[in-house]
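In the two complexes that follow, subunit A is the common piece, with subunit B as its partner first and subunit C second.
Moving on to the complex of A and B:
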């Protein structure tokens, strides 16, 4: 697990209580969203289960003995969902997908990469995108499959690629 | 049967022999007992039962106080009812504490029967019901010479009944309740008499305290400056010379108006001392302490405080969102409170209501309100944890890094 550089807020006890004062709360939620994105990015993690998350070091600072409650996590994630940075996977809003880049950003990033590498009009498998040698060092390398597909679908909507099914694998053709 | 007690066959003071009968058997309710073929002596107070010859000798016999008896009836003898009634049923009240030991500790029945072998003697029955009706044990015992049933025994000091006030039956209960009422009434009267006297004394007390203060002023050399100051402050917090009372006003609104004026006069100094704000409960205590004996009710105080703005008082009643009511100096504004509190926060690092209450010398409730006010103005942020609620300087808004 990669080391995360914790922001100063992480060691500030009130950070773990959702603030009632509107302005303060906005600042606080902003800080949390940044921290969540940084943390998940460094862990190459895109989904989060609220029920388990409250035990992860992200929401549980043992050094100051503070813990963010599941309700508070939900508040933050719902706020993230408003700006398209997260989406609930199940109806009970326990499992969430977190996009440290928005889906559009992901799509553009992959498209640019494909352009640069001259992969236009060729088909490559999703496996190649995630695990292939060409994409090593790219941000989307090792990206969660579901997120990847969603990003490519958003790209497909713009007519920049086409998703296709093989026998047991999925591929994508960039235009 | 448990109402009987063992006792020497002797008459008490004021007790009179009435009647006797022979061949009497006692039933405990419907059950036969070992007490058969005995002799019964009826007195004005008791029924005595003994083996033949025991009672005249003054030996130990069974005794039943007539105050236990609240109802007497005759039971017709035999199935066919000839030969006249043979038994008397005595319905008894509950055994009273302080009773001497008797032949039975407990009994299932609340009645006993006296069975007369030769049939109930109408004269005996009449004497018994008369004695019960007369309730001679309730009248004060007269000093009569000691009557002794037996001529053989020498006179002995009489034994007074264990509890001469014991009564039975509904009438007895009613009477004792009545007596209790009377006693309470009396004690209330006495208490109020004391209070009125105290009220009269209150005026004197005020003049005495004035005297003392003037004497202190004269003798300032003898008493240290410190003492004088302290004593004066005691007096200050003590005295309203002429408390506003409801009696003096025709309408409630006049009364509240004047009360409000008085409160504002006396509370200004106190509020300044306490940092400009005081919970209404504390105000109530202070006001009543100053008034001495003409106390005001919390409701009157509240009503008066609501009028403080109307009388242009330098303070006003304020209700916090949490519902806490306080009296607040008008100069004591939220912004200033928040500012001073946040300065304190910067200094100390973090504050709980308790901590602030100690530092700022206010009640915990008010300290809490202060912190909430500071938070509302964005100068503090909260930290809720298992350790409780604490407040920190609002670094979210300050640290723009």
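Moving on to the complex of A and C:
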């Protein structure tokens, strides 16, 4: 697990209580969003189960004896969902996808990479994108499969690629 | 024979008591006005000082810390704005400056709360601390604290096993040094 540089708020005890004052809460939620993004990014993680997340160091600072309750985590994620930075996977809103880049940003990043590497009009598998040698060092290398597909679908909507299935595999053709 | 107090004497006594009361509240009123005025003058000077010595405050870490302590003592919160408050000092006329990061007026009780937190060095206070140390009743303590939450000065912490704690980011060391870093890298 990569080292996370914790912001000052992480050691500030009231950071773990959702604030009643609207303006303060807005600042608090903003800081949590940034921290969640940093943490998940450094762990290359895109999904989160609220029921387990309460015990993760991200939401549980044992050194000051403060933790974020599942309800509070839900409040933050629902706020992130408003700006397209997260989306619930199940109906009961226990499992969430977190987009530390928006789906649009992911799509553009992959498209630019494909362009630079002269992959237009050729088909490559999603496996190649995620785990191929060519994409080592790219931010999307190792990206969650579901998030990757959603990002490519947003790209497809813009007419920049086409998703396809062949054999047992999924692939994409960039235009 | 014991002489009973006459009606006249009782009236005279009552009149005197009333006069004392009047005088007393007059003095209190005067003191309060003077204090508010002094505080206002001090704050104006502080603002003028901030605008004059903007670059020095940014450059010199020790100076900046002293300045921030001074701000905390009088209830001006230099961190109320994310940018740090010397960036929001704006001219509004000849020699007049407006500090936008001060959210509303601080009353005397709120100033006392900040002073208490500053003396304790904890960056937080609670109702029980205010009732014990300042001999306030619960209502007075709760009013002052709730008001500070509403002004965005205090953060609520409900995870202490004993009682709700009220924290001041402007006195929380890590926050202060984080904002110093932010200022010095600008």
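Just so it is clear, the second predicted complex is superposed on the first by the 175 of 175 C-alpha atoms of A that agree within 3 Å, B and C clash if a C-alpha of one lies under 4 Å from a C-alpha of the other, contacts with A are read in each partner's own complex, and residues count from 1 in each chain.
Going forward, contacts are C-beta pairs under 8 Å (C-beta built on N, C-alpha and C of every residue); 3 or more make two chains touch, one makes a residue touch a chain.
This structure is a prediction, so every number in the text was calculated from the model and none was measured.
Trainee: Looking at the overlay on subunit A, is there a clash between subunit B and subunit C, or do the two fit?
Mentor: Taken together on subunit A, subunit C would clash with subunit B, as the superposition shows.
Trainee: In the overlaid three-chain picture, which partner chain does A:132 touch, first (subunit B) or second (subunit C), both, or neither?
Mentor: The answer is neither, since A:132 touches no partner chain.
Trainee: On the A-aligned overlay, A:66 touches which partner chain: subunit B = first, subunit C = second, or both, or neither?
Mentor: A:66: touches subunit B and subunit C.
Trainee: Pick one for A:20: touches subunit B only (first), subunit C only (second), both, or neither.
Mentor: A:20: touches subunit B and subunit C.
Trainee: Report for A:142: first if it touches subunit B alone, second if subunit C alone, otherwise both or neither.
Mentor: neither
Trainee: Which holds for A:31: it touches subunit B only (first), subunit C only (second), both, or neither?
Mentor: So A:31 only meets subunit B here.
Trainee: Can A:12 be said to touch subunit B (first), subunit C (second), both, or neither?
Mentor: both
Trainee: Taking the stated contact definition, name every residue in subunit A that is touched by subunit B in one complex and by subunit C in the other, in rising order.
Mentor: 8-9, 12-14, 16-17, 19-21, 23-24, 27-28, 65-66
Trainee: Which residues of subunit B touch subunit A once you look at their complex with the stated criterion?
Mentor: My answer: residues 350, 375-376, 378, 381-385, 390-392, 394-397, 399, 401.
Trainee: With touch defined as at the start, can you tell me which subunit C residues reach subunit A in the complex?
Mentor: Answer in residue numbers: 82, 124, 149-150, 152, 155-160, 165, 167, 169, 172, 174-175, 177-178.
Trainee: For the complex, give me every residue of subunit A touching subunit C.
Mentor: Counting only subunit A, the residues touching subunit C are 7-9, 11-17, 19-21, 23-24, 27-28, 65-67.
Trainee: Hey, which residues of subunit A end up touching subunit B in the complex?
Mentor: Residues in contact with subunit B: 8-9, 12-14, 16-17, 19-21, 23-24, 27-28, 31, 65-66.
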